[in-house]
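Note that the chains take the letters A, B, C, D, E, F, G and H in the order they are written out, and that residue 1 is the start of every chain.
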Amino acid sequence: KRQGFPEIIYGEGKSPEQITAIIEAIKSQDNDVLATRIAKEKASVICEQHPELIYYDVPEILSWKQKPARVNESDGYIAVVCAGTSDLKVAEEVAVTAELLGRKVRRFYDVGVAGIHRLLDNAEEIQNATVSVVIAGMEGALPSVVGGLVAHPVIAVPTSVGYGANFQGLSALLAMLNSCASGISVVNIDNGFGGAYNAVLIDQLANKA
Amino acid sequence: KRQGFPEIIYGEGKSPEQITAIIEAIKSQDNDVLATRIAKEKASVICEQHPELIYYDVPEILSWKQKPARVNESDGYIAVVCAGTSDLKVAEEVAVTAELLGRKVRRFYDVGVAGIHRLLDNAEEIQNATVSVVIAGMEGALPSVVGGLVAHPVIAVPTSVGYGANFQGLSALLAMLNSCASGISVVNIDNGFGGAYNAVLIDQLANKA
Amino acid sequence: KRQGFPEIIYGEGKSPEQITAIIEAIKSQDNDVLATRIAKEKASVICEQHPELIYYDVPEILSWKQKPARVNESDGYIAVVCAGTSDLKVAEEVAVTAELLGRKVRRFYDVGVAGIHRLLDNAEEIQNATVSVVIAGMEGALPSVVGGLVAHPVIAVPTSVGYGANFQGLSALLAMLNSCASGISVVNIDNGFGGAYNAVLIDQLANKA
Amino acid sequence: KRQGFPEIIYGEGKSPEQITAIIEAIKSQDNDVLATRIAKEKASVICEQHPELIYYDVPEILSWKQKPARVNESDGYIAVVCAGTSDLKVAEEVAVTAELLGRKVRRFYDVGVAGIHRLLDNAEEIQNATVSVVIAGMEGALPSVVGGLVAHPVIAVPTSVGYGANFQGLSALLAMLNSCASGISVVNIDNGFGGAYNAVLIDQLANKA
Amino acid sequence: KRQGFPEIIYGEGKSPEQITAIIEAIKSQDNDVLATRIAKEKASVICEQHPELIYYDVPEILSWKQKPARVNESDGYIAVVCAGTSDLKVAEEVAVTAELLGRKVRRFYDVGVAGIHRLLDNAEEIQNATVSVVIAGMEGALPSVVGGLVAHPVIAVPTSVGYGANFQGLSALLAMLNSCASGISVVNIDNGFGGAYNAVLIDQLANKA
Amino acid sequence: KRQGFPEIIYGEGKSPEQITAIIEAIKSQDNDVLATRIAKEKASVICEQHPELIYYDVPEILSWKQKPARVNESDGYIAVVCAGTSDLKVAEEVAVTAELLGRKVRRFYDVGVAGIHRLLDNAEEIQNATVSVVIAGMEGALPSVVGGLVAHPVIAVPTSVGYGANFQGLSALLAMLNSCASGISVVNIDNGFGGAYNAVLIDQLANKA
Amino acid sequence: KRQGFPEIIYGEGKSPEQITAIIEAIKSQDNDVLATRIAKEKASVICEQHPELIYYDVPEILSWKQKPARVNESDGYIAVVCAGTSDLKVAEEVAVTAELLGRKVRRFYDVGVAGIHRLLDNAEEIQNATVSVVIAGMEGALPSVVGGLVAHPVIAVPTSVGYGANFQGLSALLAMLNSCASGISVVNIDNGFGGAYNAVLIDQLANKA
Amino acid sequence: KRQGFPEIIYGEGKSPEQITAIIEAIKSQDNDVLATRIAKEKASVICEQHPELIYYDVPEILSWKQKPARVNESDGYIAVVCAGTSDLKVAEEVAVTAELLGRKVRRFYDVGVAGIHRLLDNAEEIQNATVSVVIAGMEGALPSVVGGLVAHPVIAVPTSVGYGANFQGLSALLAMLNSCASGISVVNIDNGFGGAYNAVLIDQLANKA
């Protein structure tokens, strides 16, 4: 089990047959299954043979767990923060991944910088998280504002949402790397899985002690 | 007088002698003088011969007016908004240019996105302006937040302040062009003069009627 | 109503069902509807259920107003300026948005820089506008020439029209940001909505006083 | 105290006088001083008046603490990992910052990817850290290899060390954002302070419980 | 025969008819056929008329040889090294091309940098090759690690595998050009043929003497 | 004599000694001397030994001709067109080079796009040229306007004049490559010599027949 | 007639109906028709109604001339030079456009830099042209070699042929702008029409005198 | 001794004291010294203490060998090929490094693509080399032409020589990566050492057998 978790499948560029084979190998060793970037059509091909798999269609995640993740009630939680519907796919990739990896998650999904009061209304609950994952496309400003409000680590996930001078997420990526707030680190454009994984590692460290 | 103002001198790449000659030509026609991008050393050479000129050393502006700008007390004002000392040079290029062009200006110079409450404390006074000029380097997030708070036009001025993945102001420029807030338009990196000029045109339109 | 206008729907990346739901929510609160970036196919799905909506097929805008916009006859107008058929889609996004937001618009649609006399023939009528929105792809030169002719603010909208070293609108965007004319500010590539919105804010300021 | 620490001064672009003033303000409130990016010449001007300040000349850090950081002996440590002398300046910015912020640090400074065995010889001690900060210029490959070896979070700091197609650190930055190892997040090019700050937040979380 | 080999066909952008014509011209002069970048559909059209051609479907290569390549048993071999399934298409373009050009090849296809021990387990066999061709996408770190392990020339082939800040292979390309290991040279993104060709030239030189 | 002209020296990156040696070799073969990019300091070192050389200090050209260029009075002329003082250095590199190569030149040096009427006042004289060389920095719009006015070939020379999103001349270069006017071709940024050379070739063809 | 020629239609982004309408307008004024970038499918729709139009399917040009272009036998010719089949589409856009505009053309279509002797075999005939248009993708080296061989103007046309670090023609474009040979100017990527148009203007000047 | 050679010192960014220390450590172990990128001033400081070192001032290399490299007379040679004086520094870094590493070198230093006949005059002697290292700035076309002439491996070294759209060597780098000739691989911009090192490895393989 790589880094404490069973192998995680990255579905992009793999055929349903290849993915099915990997899933079967994992299950044959009594491991749980977590596969990201599984487009809807691929998922339905795979699920025909493996109806026990659960498909999360917003984040395009396919998973199967022997027993539900035992969440430790006294543990902290991961705040997943974004501005609205356009970034939902990536935000849900973060949230569902973190949950499947056994962490508690709270979603803050309508708190963009252009309507700062909705964010402030949620400030306290975000501040109480162990770690935040902040997802933003376009100008990528949200992690800076959240970073200024909280005293815990912020993982920033730029998305490719936007057009024109957005250059497929470059604008958000550069903005996040240049944040004037401290305590922010960045993963690749649209890399919701990576954002979740980092947050899970931190949340585990904070709660294991 | 182009666009209602006397000619404005752009000092970059001109010698003190060239600038002095242009200033003398302007004055000989009973016009006022406004010159930007006049480095301190150049300014002192020029001022030796023309001690009547006033030098603003933060924005590196050199000016002379026959009579002080008559500000109409009932007019609105331009809000000049930035995060702190690093962007001061450009912010003052905006503020001083606008003032010399005869407009009222209010400065909001310590209201960065990483400390959102200082901005909110000033929200009402910024909202009451006719137009805002928002200056920001690094992640360039401030115009989006201001744009969400105000109902008037916002002119965003990216600065080259930053390092690394800032790419000489590219990160702030792209962020501002991709703002999720409506009512924001953008000028060139470090172009404080341009930000002021656009705001002055709008402020005049709003107050002439 | 954000910034004096009802919510404006951005259709890109939303399904007909999602858009229909938002439209119904808006109408149920007795508000007017304005939705941009609604591809023809989406529009016909939506209009089946809501035949009262009007579809503008060049700019791909969908709208419904309880009563026609009351245009104040004594008000000024917004000049919408472009070079020809290739930029028409974006130019009409500007013009129709501004009209639906209640402003007077005059269109100047065949006045490219390579045939400067057609532009000069229209110079006076453009000069008399309150504000111009200038749309251009390829070398993006038109805002500079218009900016030199008029004394009012110019909003420049680069388009992605072109090929090769155009890099999806980058050439026009950079040209506009570097304009040697004063009084020009820039919005994102293909952002006709943004161009209109800025112009409307300015035109309202100029006419409300 | 922002985020649990006293204000941290960023010295780039500030004059010795400005920095001295800020330092005095901090000290007058009985706070500790931490200032990064203080070039040697600036530091000696400042230290003439404030000989109590300690200057770290490799990382160009200036600091003063009322009492030495109390390191909790049972706490974990931060691994600071790099390939060699060229990245030393940034690596020391990480290490000294983290130490001044009260954390234990272990340095692994000669473990580049082109001599993989030196890295493997240190693998266990790096694995036992709470969190690693991995600094690399040129091809930026080291975080991927470290990330594969450890099960804790890795903060990757690209440096501008290199020439030609390195493009001032772009090659290392892109490599790190695209790492095939999980659990890696990235800060700005040459941002040793940011790398340290993130690691300190995580190390505190892991040890506070 | 260009450079000792018969003409090699580059199939991209050529119609099945054009390719068939070139193949027939080559065969009519008693030469062997080697064509790369022949998509599956094209290949089946061509093979209908020329069932004697062999199609390698992973690397999309089409070939025909009068007699099998005589491999000299005492010769050295080319190591073809990559991290896993995503780079397989390019790796096989390298391996199959080299074999068809008459060289011995050993494949090392699961030895990525994030699991360094699998690479080390194969170190000796890679070191014993005459030359290595190392294929990698994403952060492109593998050639640096291999280059540090071996004393022979390494040809690095970046692939476009990845997303976001990968920019279609740019991240891997830049990483490889900036490798801190000596003895590495680089070919174009996805240019498996070029990687093979260079390796074949070197392997021939090493074995002809 | 390469292409009908004696060798032309490119001074950048050559020492005064190297340049002197080349000049002496050229003169020893009874050829004329033309050297571009000779900074003032270099020129004075060279001229100490060769006081017969003429130095043009705006374009930084050094030259010596056995007899003055015989200009054929009935020949056409090259129009050299630019917007103002900032582009003067490159414009004079064009004009002086063309004159030294024996062609007639007319200068139009204050005809920028932001003041279109000055250009139109000169339109007829520009139209009567055989070929135009149009120099522009910033938004690089001038060649498009000139190209629309004239029926002869236009050589466009982008300059690096500007700042911010100008990216050292990239904005002007891209604009010129994307010109909507026909009959425009482009040389490298700041390449006044290249602009002149192309114009001279065309002017010779037009006048030799 | 702009610039001595009837209007030339640019077909990209226009519907068959729009193109047909423009063609009919042109013909109704007794003008000849020249339309570029007319994809095969569009052309067949248009030709159903206008079977008199001639379609050139390699360059995708549609044309109709009242009487064949009268080529003046004593005139010079334009050399159209490229490396092979990949650049044929653009090369034929050059050649056919120039012929339809009434000039003589000689094609040199298999003379790439990697087989320099084929180019040298044709050197004399290329040298005897009035002007050359050199088309190249990938490394874009051909114009430099041709420019060194001929004493007449060379118009360089970069193409988007290639992959990977070719970046859609950027590599060829940059190479051509940086050519070490004199007498080369460049048009946009894939702009065969522009290459032809410039050459025609020059060829007319050279032959009219 | 890594890869058969003693450690090679990279002088950039190291102080004379640091370099001296490394040199003394190397000599104390009876090894030979090879240091590249040692600017003239640094070299003279170092040579004061170590007058036995030999300084090559064109390539800025510092070296000391116990006994002269024994060149095997029957061995092949490395061809070092470039266009002229501007690329000399890098070409000599290649040639001197290769010689100090014990290989035979032939220099071909005036064979640029714009004067193809000088290259052809040397073709046979270049063809007879074991391997070529081809250095070029600006359009970077030379490796393609050489690659077409020879049947052995070509190592291409782009240089940063040029200006404007050269972008510090990017144009030459991209050109070389996109070469249409087979058998070419590329190292970093200005990396003469890397070019030499690869060639030496190949030349050793070819001659050891």
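Side notes on the structure shown:
Here is the rule we go by: a contact is a pair of C-beta atoms (placed from the backbone, for glycine too) under 8 Å apart; a residue touches a chain by one contact, two chains touch by 3 or more.
On a predicted model such as this, the values are computed, not experimentally measured, just so you know.
Note that among the pairs E-G, G-H or B-F, G-H reproduces the A-B interface, with over half of its contact pairs the same by residue number. Chain E and chain F have centres, each the mean of its CA atoms, that are 48 Å apart. Chain F and chain H have Cα centroids lying 36 Å from one another. Our note on geometry: chain A versus chain D, Cα centroid distance of 27 Å, whole angstroms.
Multi-chain contact residues of chain A (touching two or more other chains) are listed as 164-166, 170, 173, 177-178, 188-189. A list of each chain pair in contact follows: A-B, A-C, A-D, A-E, B-C, B-D, B-F, C-F, C-G, D-E, D-H, E-G, E-H, F-G, F-H, G-H.
Chain F meets chain C in the complex at residues 83, 112-116, 120, 138-141, 144-145, 147-149, 162, 164-167, 170-172, 174-181. Taken in their complex, chain G has these residues touching chain E: 85-86, 161, 163-166.
Taken together, the chain G residues at the contact with chain F in this complex read 2-4, 8, 130-131, 151-153, 155, 173, 177-178, 182-189, 193-194, 197-198, 201-202, 205-209.
By the touch criterion given at the top, residues 12-14, 18, 158, 160, 168-170, 173, 188-191 of chain H touch chain D in their complex.
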